[in-house]
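Each of the two complexes below includes subunit A, the first together with subunit B, the second together with subunit C.
What follows is the complex of A and B.
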């Protein structure tokens, strides 16, 4: 039995703290006395490493800002921001401090900082605790934005993030926390590669080796939860899908996806964040520049509706991407000759 | 040159004189179109800065400075050439001309141009030292304008909570860019840190020797007790916020100039070493600034290839 997503993160945090005394973990309610974090990712850490696990007041600006100071002084901070929505409060520290010091000091310092935070809806938390706002952090020079799906070796991605000398935003997903990591099924093969900048890249395929995919779906993070049933169902309909789940979102991981796009020639990009000006727009524009002649159909995109995320369950389901919506987009793509 | 005979007053005076004239040179160069961007000078505030920073161990202690940081930088021991070249955008600057006036780094000196953001960074640096088991003191310089930022209070809270070796210095020049303190703040700035359980002291920058002694005492106590402290210094900004015109009345400025601690300190230095010796040392400093300016003007900018090669293209 594979670890669950959150257990893999927790075990990796334990291992990293054991191996490297410079690693400090800080965030709200992360002590064992407080339950080991709102989503239990830090359970056991404060008991084992009392001096290096620091519970903070409610001050997301400072959680990031203090981590920047720690990193400047050659520690390896891992900050936890309880809900991804709260990253807006730390945004100035990310863009004007964490991602500035090294460059503006002409590379005389580094800021090896990892910010872990869960994004994503589906739990009825409503408008300010359900968003996927990572698109606002894409394209910031010196920042890696990383998003493990449950088909990734999540701990390996976290390790790679901690190894990096620049700041990393590590986007986890709330619904994935309890999910068992996925390593393939009777219908779905999993292929892993080192990926851009050493961040593991994963592919899911619902067809046999040697066959050619009908559609390529590019997505990341929590959408992987939808992809398993979608690939199972489409396999039954003999629709061959190659799903790319790059671990790295930004800088754009084109090397991880380019050949898959060219092979399938029909492309759907899915993200859970709101539509317009997001990851899918950037990836699509790059693919039009590099592979337009190879495409058999215009690139399709699917994201959340541009609304608040309703607390009411039926409304929330309708606003966010779903397996049914993905299947529908795939069918539309296949209807192009 | 600091010798056994050099008094604290002399040491502070000549360093402050250097800072004053480096910054006056910046304003002159700006007027001639040889500098671009912005230049926030600390003219009038130098003596207090030197008095405080002299209390630190610049080998091991850490200093966070702000948009008005040239004085802190030179007082810390940052190189004159490295500063002037940086402000002039040359490759010989301490940050290769990439950072410029507000973004300086040298050894344990860090500055940034965002109001308030350095507070939590300084807390993080002090926390790093605590975890490492060192007794280094981190100092962060804030202005009265920065007391409007919530981040400042987060920093006071966490520094107090975590018993960090952190000295907050509030340089209160009474004006935030063009906005007087009366339009920006309720209550008393000097006592705010006390509600975070942080020892707070207030002093006027013109009382140089007392300020120096107070800073030394605070730094020593921070080091031995592992508790932060807050030093509120009343000081005077004699120049505009940045290059350009001052919005204050000539009468108000005249009043401030009369309080300028530099000529007052000079008078006491002259009483110790005589006018001739003082003038001679001043002339040496001025010549050094002229020579450094000439060298900097001839220095190249960092090559684009060198600059761009360190970035991951998206």
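What follows is the complex of A and C.
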């Protein structure tokens, strides 16, 4: 039985703290006395490593700020921001501090900081606790943005993030926490490889080896939970899908996806964040520069509607990408002559 | 007892985050009469306990016992019109559960892939025979292949050429079924090294019809052409459309990307000089002259009486009206459109993407992207 997503993160945190004394964990309500974190990722840590698990006030600015200081002094802080929506409050510390020092001081210092935070809707948490705002962190020099899907070796990605000497934003997903990690089914093959910068890259395929995919879906993080039923369903319709789930979002992991795009020639990019100026736009523009002649149809994109995320689940479904919306986009792409 | 008289009792979605509920208790006993809206059981979710009402009147048949945890949306019992035995109850349960699964399977008579392929080939999906439970991609491909052979017979079936297609004449697919296709078919009919195998055209009224005896096999599709190529139905393609250079160019690129090669189609009356390089995908109509050592790019359309004189060089995707005469060593770029009756002096260079009006005489180089217009001064006099 495979770990669930959150259990894999928890076990990896335990292992990393065991192996490396420089690792400290900071965040709100993360002590066992406080429940081990809102999503239970840090359960058991404070009991096992007293003094190295620091509970903080509700102040994201200082959680990130203190972590930056620790990292500068050669510790390996892992900060937890309870809801990704509030990364906005830590944003200044990320862009003006964490990602600046190494360059400003000619690489004499590094900031090996990992910020873990969950994004994503689907739980009826409403406009300010359901967003996927990672797009605002993409393209910041010196920052790695990483997003594990439930088909990743999630712990491996977290380990790689902690190994890095530069700051890493580690985007988890609320709905994936209880999900069992996915390691393939009768219909779906999983291929994992060391991707760009050593962050694991995953491919899901609903067809046999040697067959050619009809369409390539590029996506990441929590959208993986929609991809399993979509791939199962489309396999029954003989529609062969190659789904790329790069672990790294930014810098753009083109080496992880380029050959898949050229093989399938029809591309759909899905992200849970709002449309416009996002990950899909950047990836599409790079693909138009590198593979335009190989594309059989214009690149399609699917993201959240440009509005607030409602709390009512029926309305939330309308705003966020869904399996049905993905299927529709695939059929449109395949109908394009 | 028929299923249609059964009314299902379904676990409702009570909270947004609930995926399951526990059955706390059945208020009404199994196999006893209940009235519509009577409370039959209570269930508990993460945050609340709720009552379930009977959705109709009849006899309550309980499938899931108290204490069981069940998924939201699952059927925990039915209201039956009469009492049921233990054996009947088991069958009822099986029937209802399998009916849900069957509803999904029965609705699909073909796969979406088969439907897409049929649509692109201009075929009605429900007319294609299925080899298994539903119509598959393989069924459609087999049908396209058999339909092609059927349509070829008897008028165009050639037991030698069709059987030994690899070493036989070139089997040309003509892209576009309009007036240009008629010119091409006329030329191919006059030569022995080529046969016209198929035509593709987007016009709905041409689907399933023939042009000069050659079948229109579907809409213009590089993918379909590739399938015909792989099946040995064609050996290459040529584009009959001469009026739009962007269209010619797009089809050429799409089909090339799909791995479909292009053939030249040359009228037997055309004079081709020694060491002339003819490229591929070129259409050369009657009485054209390609001088010795002249070089043609690909995918050009030369109407009748054109002359590309010796040592001239021509790019790709150009379209010539009738009687465009170059002198020696003329250079023409890509995507150039010529009208009718044009003369070009020796060593003149015509840049890419130019449009040259009928009747022009070119004496000096024309830069890229130029449009040449000619202003005639005609005066009409009526005969007295």
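In this section, the second predicted complex is superposed on the first by the 337 of 337 C-alpha atoms of A that agree within 3 Å, B and C clash if a C-alpha of one lies under 4 Å from a C-alpha of the other, contacts with A are read in each partner's own complex, and residues count from 1 in each chain.
Criterion: a residue touches a chain if its C-beta (ideal position, glycine included) is under 8 Å from a C-beta of that chain, and two chains touch if they have at least 3 such contacts.
Computed from a prediction, not measured in an experiment: that's the story for all the values here.
Using the touch criterion from the header, give the chain among subunit B and subunit C with more contacted residues in subunit A.
Counting contacted residues of subunit A, the larger count belongs to B.
Of the two partner chains, subunit B (first) and subunit C (second), which one does A:107 touch, if any: first, second, both, or neither?
first
Quick check for you: in the superposed arrangement, does A:288 touch first (subunit B), second (subunit C), both or neither?
neither
Once the structures are superposed on A, label A:62 by its partner contacts, choosing first (subunit B), second (subunit C), both or neither.
Only subunit B; A:62 stays clear of subunit C.
Tell me which partner A:331 touches in the superposition: subunit B (first), subunit C (second), both or neither.
Touch status of A:331: second partner only.
Classify the contacts of A:74 with the two partner chains as first (subunit B alone), second (subunit C alone), both, or neither.
So A:74 only meets subunit B here.
Kindly classify A:277 by the partners it touches after superposition: subunit B alone (first), subunit C alone (second), both, or neither?
neither
Would you sort A:97 into first (subunit B), second (subunit C), both or neither based on which partner it touches?
first
On subunit A, what residues does subunit B touch that subunit C touches as well?
After superposing on chain A, no subunit A residue contacts both subunit B and subunit C.
Write out the stretch or stretches of subunit A touching subunit B in their complex.
That would be residues 24, 51-52, 54, 56-57, 59, 61-62, 64-75, 77, 92-93, 96-97, 100-101, 103-109, 139, 141-142, 197, 250-252 of subunit A.
Which stretch or stretches of subunit B touch subunit A in the complex?
62, 95-96, 98-99, 103, 105, 110, 112, 114, 117, 119-129, 131, 150-151, 154-155, 157-158, 161-162, 302, 310-314
So in the complex, which bits of subunit C are touching subunit A?
My answer: residues 16-17, 108, 111-114, 116, 119-120, 136-137, 219-221, 223, 253-254, 257.
In the complex of these two chains, what residues of subunit A are touching subunit C?
On the subunit A side, the touching residues are 123-124, 214, 234, 236-239, 293-294, 296, 311-313, 331, 334-335, 337.
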